[in-house]
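Below, chain A partners chain B and then partners chain C, in two separate complexes.
Let's look at the complex of A and B:
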């Protein structure tokens, strides 16, 4: 898996490409930890190129959300395929981590949050 | 379900689990779901969780995944040598992830139960054997002859 990184104003867009699984989950957590160190705490996880996720990948998303929320930021997901969304539904992770209908909506949610305080912005 | 059987023998570590999953997805695409739809995703996820469990907890140096398919569905049989693994304690969904302090892990066996139609565990001849049954219940799936 590789993670492509973009910055749109104060929001970081992470685009994992491939599989977010036990062998790669730590990479996502490490990326988010580095962003928080640099005071980027609003992250959009664009899952459009995410082919597969397992419970370790889900755990990495939950951990990333906790890390970002602990710094007054947050994580929003977008672009997930139906099977990926189903994993979040089954575990009810989607009640804690919001899913945006589009990348633009996700950016809007996070930029509004950033405007109200927390992180770079 | 003995129409077609393939056995994969592998070293249970996370990186190798990735390769076995890719092989399983390839088998599913070749046999019944060319575009790799929801059935393949869910079967591969159930298998991945089971194999990750072996990689993480069994201490086994080798494991075996048997894939059997017929017109009704797919049976996966994962066997690994070692001490008996009590799956019942780990099968419940942990505190759900919507809780701010909710668990970041421990969803594996509970997810398997959600994604397959039937799950059986036996300990025989010094091996833990987990069998997963998943039926085709999607009109989009047609198995080649």
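Let's look at the complex of A and C:
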């Protein structure tokens, strides 16, 4: 898995490509930890190119969200395929991490949050 | 001999060449011995088993370079050999290298320079090969030890899970198959204070840490279930203990916890982010969906509890996601076939579990990428 990174104003967009599983989950957590160090705490996880996620990958998303929330930021997901959405829905992880209908909506949610305080912005 | 430099045996029927090479290599810090023919070379090798390199002429009377390579290999399979020849035909070089030589050198006017370079290169390559072999051997040994540990851990884990569940008024059957030797699935059932407790859990991942957490959870729920009979209070207490334990590891578990009150005949079911539970009642299949989030995420989380009257002949079918996420060659998941598979089977727990596992094995060709646990519970006459 590789993670493409873009910055839109104060929001970082992470685009994982491939599978988010046990062997790659730590990579996502490490990427998010690095962003928090640089005071980027609002992250949009664009899952359009994410082919598969397992329980370890889901755990990494939850851990990343906790890390960001601990710095008054947060994680928003978008673009997930139905199989990816399903694991969030069954485990109710979608109650912890919001899903935006589009990338634009996701950016708006995070930018509003950033405007109200927390991290760069 | 310089420290770190090896013993070299130079073999040539021309004493002048042998002596010249000995002088050059000696000046470079090696301990050098010479031999005039193959037989003498073998004697020297036998007398000095620490010989680190052989430099031999190809064309010698009696035993040629190729024959010498074969005989040297009988004494020391690993020692590198450089073959020298006055013949610059490529076929001779190929013959020497195919015969087991490490390098091939032409005895020309440059031999004084090329021999030193070749010896260094061959020895360096040889050392790397030896080091590599040692590393591979170490790795193989560690893998064997690890595998032994995993087999042992598998046995321990199997002994943690209940072998025979004896609960008056219930008939049960289980099937547990970790994807590796050890897994993160668990199940349990027991009776306490007029309540029968049933649970199935699935720890995220399939690593050693999943197996450790599985053992902790199995003990924790069994312990809490001796005095608490309300699934919500019990799971809430367990979650509060788990959250600080798991911290920011990202690990979590999904769980179904059910209690059956003997007096009222009511089943109370809590599903923490787990796959649907099926209740088979005659021709009807009722599914109970997840009633709240997985455990280990937030100590303040809460769950709904589903209630249902359990009547004689009702069969509950619980499982972990390894069942429904198993894929066939076309990449389809077993999930789409589960209801039809259940409907086609009798409601005897043993047949249900064996039938589902058989259908799954046929479906995915026996390739199980996740832990799989099946747990069937039939309400029957006490």
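Odds and ends about this structure:
To be clear about the criterion, the second predicted complex is superposed on the first by the 121 of 121 C-alpha atoms of A that agree within 3 Å, B and C clash if a C-alpha of one lies under 4 Å from a C-alpha of the other, contacts with A are read in each partner's own complex, and residues count from 1 in each chain.
In this text, a residue touches a chain if its C-beta (ideal position, glycine included) is under 8 Å from a C-beta of that chain, and two chains touch if they have at least 3 such contacts.
Fair warning: this is a prediction, and the values are worked out from it, not measured in the lab.
Superposition of the two structures on chain A leads chain B and chain C into a clash. With both complexes superposed, B is the one of chain B and chain C in contact with more chain A residues. Looking at the shared chain after the overlay, A:9 reaches neither chain B nor chain C.
When the two complexes are overlaid on their common chain A, residue A:95 makes contact with chain B and with chain C alike. In the superposition on chain A, A:39 makes contact with neither chain B nor chain C. Shared-chain residue A:23: touches chain B; no touch with chain C. Once chain A of one complex is fitted onto chain A of the other, the partner contacts of A:62 extend to both chain B and chain C. Among the listed stretches 56-64, 74-82, 128-136 or 290-298 of chain C, only 290-298 clashes with chain B once the two complexes are superposed. Residues 22, 54-56, 58-60, 62-63, 66, 90-93, 95-96 of chain A are contacted both by chain B in one complex and by chain C in the other. Of all residues in chain C, only 202, 204-207, 248-252, 254, 273-275, 290, 292-294, 297-298, 321, 370 touch chain A in the complex they form. Residues 19, 21-23, 52-56, 58-60, 62-63, 66, 69, 81-83, 86-88, 90-97 of chain A touch chain B in their complex. Considering their complex, residues 22, 25, 29, 54-56, 58-60, 62-63, 66-67, 90-93, 95-96 of chain A touch chain C.
Here chain B touches chain A in the complex through residues 14-15, 17-18, 21, 38, 41-42, 44-45, 48-49, 52, 55-56, 93, 96-100, 102-108, 111, 114, going by the rule given at the top.
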